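Reading through the structure tokens given below for one structure.
Labels run A, B and C following the written order; every chain starts at residue 1.
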Amino acid sequence: MAARRLGAQTGSKIVDRLFVAVLFAAAIVFLAIIAGLAIELTRGSLLSLKTFGFRFLWTSEWNPITNIFGALPLIYGTIISSLIAIVLAGVFGIFAAIFLADFAPRALARPLSFIIELLAAVPSVVFGLWGLFVLAPAMRTVIDPALQKVFGFLPIFSGPSYGVGLLTAGVVLALMIVPTVTAFSRDVIATIPVDQREASMSLGATRWETMMKVVVPAARAGIFGAVILALGRALGETIATTMVIGNRPEIAVSLFAPSYTLASVIANEFTEATTDVYLSSLVELGLLLLIVSIIVNGAARMLMWSVFRGARSAR
Amino acid sequence: MIEAAARQASLETRELNAYYGEHCAIADVTLEFRPLAITALIGPSGCGKTTLLRTLNRIHEVIPYARVTGQVLLDGEDVYDQGVDPTALRRRIGMVFQRPNPFPTLSIAENVAAGLSRQMRGARRREIVERALRAVGLLDEVADRLRSSPLMLSGGQQQRLCIARALAVDPEVLLMDEPTSSLDPISAANVEELITQLSGRYTIVIVTHNMQQAARVSDVTAFMLADEDGPGRVVESNETTQIFFHPRDQRTEDYISGRFG
Amino acid sequence: MRSYRSRRIAGAAGIFWSFACAFVAAASLLLILGYIVVKGGGALNWQFITQLPRPVGITGGGVANGILGSIITVGIATLIAAPIGVMTGLYLALFARGGFAESVRFLSDVLSGIPSIAIGLFAYSLLVQPFKHFSALSASFAFAVLMLPLLIRTSEEAVRSVPRTILEGALALGMTTFRSTLRIVLPVAWPSIMTGLLLSIARVAGETAPLLFTAFGSQFWELNPTNPMAELALQVFTYAISPYRDWQSQAWGGALLLVMAVFALNILARLLLKSRVSVLR
């Protein structure tokens, strides 16, 4: 038998070192892509940043003809449409999550969850198509007039309705983000240990009271995180919004009015941008979206993680 | 493999300490493992016997932040030396785990051959697989389904498969981490009998929390103990008959007679 | 303390309200799907799937070049993203420690929330602007970036879920970590990794925003990825906002195709996931 010295074979050491190195290189490539994203967007915005500075954020004029660009109308449209979306999606999504987590019989919970998750898979342009040809006419002919009849004294429901506008965009966005709210909230609620529920019920609380007074408050941070995560999605949504928001860079009080969002304006005008400043302003809007989504996502993840970690240590 | 003359490999540790990060799991372990005999490591849970076992074939260092100080000498060479290739070491020191761990996506025959060099092909490979399966008493039971999945086998059969897999590589030392504790009594007895048969051909180190098993199977027994939050140490090590009938240390006697553990 | 009876009624009402919310959410999907199937089904015919678009204003024609273009673009994106994503996931599962691993995971999560239009801008400035040329390749790059977070996360989880004792069993036989991972661990994790791959393909199959200034679209057949290329999602968008009835109905047809593709991928992914469970006892 040949001598089997331990130090003899170094071939396998090289193989393993190479293996780690290649995998590490992949991770570095990934990091480089993220860095590249931040760098390129910043570079592209430089001209606009130099020209307008921080005034960009509160200038209310977006005028390609005079080359004066201000993001305020776009920020307004983005915020209002997203706000409508998370109010609607929050209410429906959280209660749907409550139902699916604890109250739905098994036979019902699975298919319902599955259908709601499929909603998340529907492409944005399909939502936009449906919103444009089905929802918008319905809003214009039925829903908006009804709202105006009942709530017309409120300025947000004043003025004519064209079908496309802030409210319609908000509803479409709500449909798009409700799966996010539902899925993440349901996961967070499920993390709350069973013994907390059992303790509450053994004190005489009904199942509903247990849910609303014990479980949901315990999961509060995580549910909030889920809503914030959904908000992040709504803020960056482009195509569906573009198709139903009316594309008018003006600030109006009424929710029936057409509006414009940060993402929509990039989508609509990027290929038409004639001057360097125009292009740079559009890229700066992209940079703004990037920064906002990083902050919103970071906050959402931290909130949700705090609940997961808390539940784990409680076990 | 079985037919070839058994090779005596001397295995010993010198002042071995093992750490998980900052936590010291075993300290000052100096033990000689008698060649071609069965040495049992016994002691209460948490005494470090499994950790000690895993330092012998350097599987311990697979856990992140795990490390070792001191020496483990195989035929006089420290296995923790700079130039040593752990994969070569593990071909000389094989391991059988507490729960049978056949590779799920390989067939029974492929499992047994898993550790063989890729250069080994065809007839030679088949021959080794058959010999290994015969050595563990599995060949008759699985001869007609060598290509099927090992997950169809019973727990006892799977563990014997894992032993065959370890033997196919032709090691000098066999490490066994509580090899029967997850098996039903009949399978456990079968595997125990197999281990006794293997003695005399391999140096075997077996961790067990079953004292009767240690008494039945081993030639030498080492008793380990860890104080409150302290590292595990070897309290005493001797011929099995001596440990069980004339223990030198009071703590050994307490453990043997069931006063704790 | 309210009477037990009134508390129970309140509870029942609450549960019913929750059910109603779940029902509305699910029903709205079915409603939208219903419209797509009905209106899109009408536009789906052999001509639609096999012909090129007709010039503006002329009825007829199809989206064949868009279907082909989308397949090519997503295919190239997968070729770019899969190695990077799966290998990064492997690295996180097998070798990464402490701060570095946490940072990569955190950044991957953050990337998954960045609007696709911002990533489109990135692809534009990297691959379109310097060459003054739209291309399917730049679109593939944008898609690849969108696919990475999901690929990384699912690959890491897939490898982590393989019991440690299997990896240790392989190492204990004297196999290198490389061979243990490749021959023993990866085959067990493979169905889960494939699931992640399918889901990430589904994620980008319907993406439109980045395409607006990367692939840009085309009226003709195109096989060269360095040229602008027709994309189905882009055609749906362009036709939908156009004033032509015929194009609008074609938009529904294209939307139906997109939905079918995305749902098929999702369902395939789920089936694959179910098959994995039977491999591990």
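Please note the rule applied: a contact is a pair of C-beta atoms (placed from the backbone, for glycine too) under 8 Å apart; a residue touches a chain by one contact, two chains touch by 3 or more.
Remember, it's a predicted structure, so these values are computed and weren't measured experimentally.
Summarising the inter-chain layout, the chain whose CA centre lies farthest from the centre of chain C is B.
The largest tally of C-beta contacts between two chains is found for A-C.
With centres taken as mean CA coordinates, the chain nearest to the overall protein centre is C.
Separation between the centroids of chain A and chain B, computed from CA atoms only, is 54 Å. Between the Cα centres of chain A and chain C there is a gap of 16 Å.
Between chain B and chain C the centroid-to-centroid distance comes to 47 Å (mean Cα coordinates, whole Å). Contact of a single residue of chain A with at least two other chains is seen at positions 12. In chain C, the residues that touch at least two other chains are 176. Annotation for chain B: residues touching 2 or more other chains are 87-89, 91.
Across the complex, chain C meets chain B through its residues 97, 163, 165-176, 183-184, 187-188, 279-281. Residues 57, 59, 62, 64-65, 87-91, 94-95, 97, 99, 101, 103-106, 114-115, 151, 162, 165-166, 169 of chain B touch chain C in their complex.
Those residues of chain C that touch chain A in the shared complex are 7-8, 10-12, 14-15, 17-26, 28-30, 32, 35-36, 39, 83-85, 87-88, 90-92, 94-96, 100, 104, 106-119, 121-122, 124-126, 145, 148, 152, 176-179, 181, 202, 205-209, 212-213, 216, 233, 236-237, 240-241, 248, 251-252, 255, 258-259, 262-263, 266. The residues of chain A lying in touch with chain B in their complex are 1, 4-10, 12-13.
Listed in rising order, the residues of chain B touching chain A in the complex are 7, 74, 77, 79, 81, 83-85, 87-89, 91-92.
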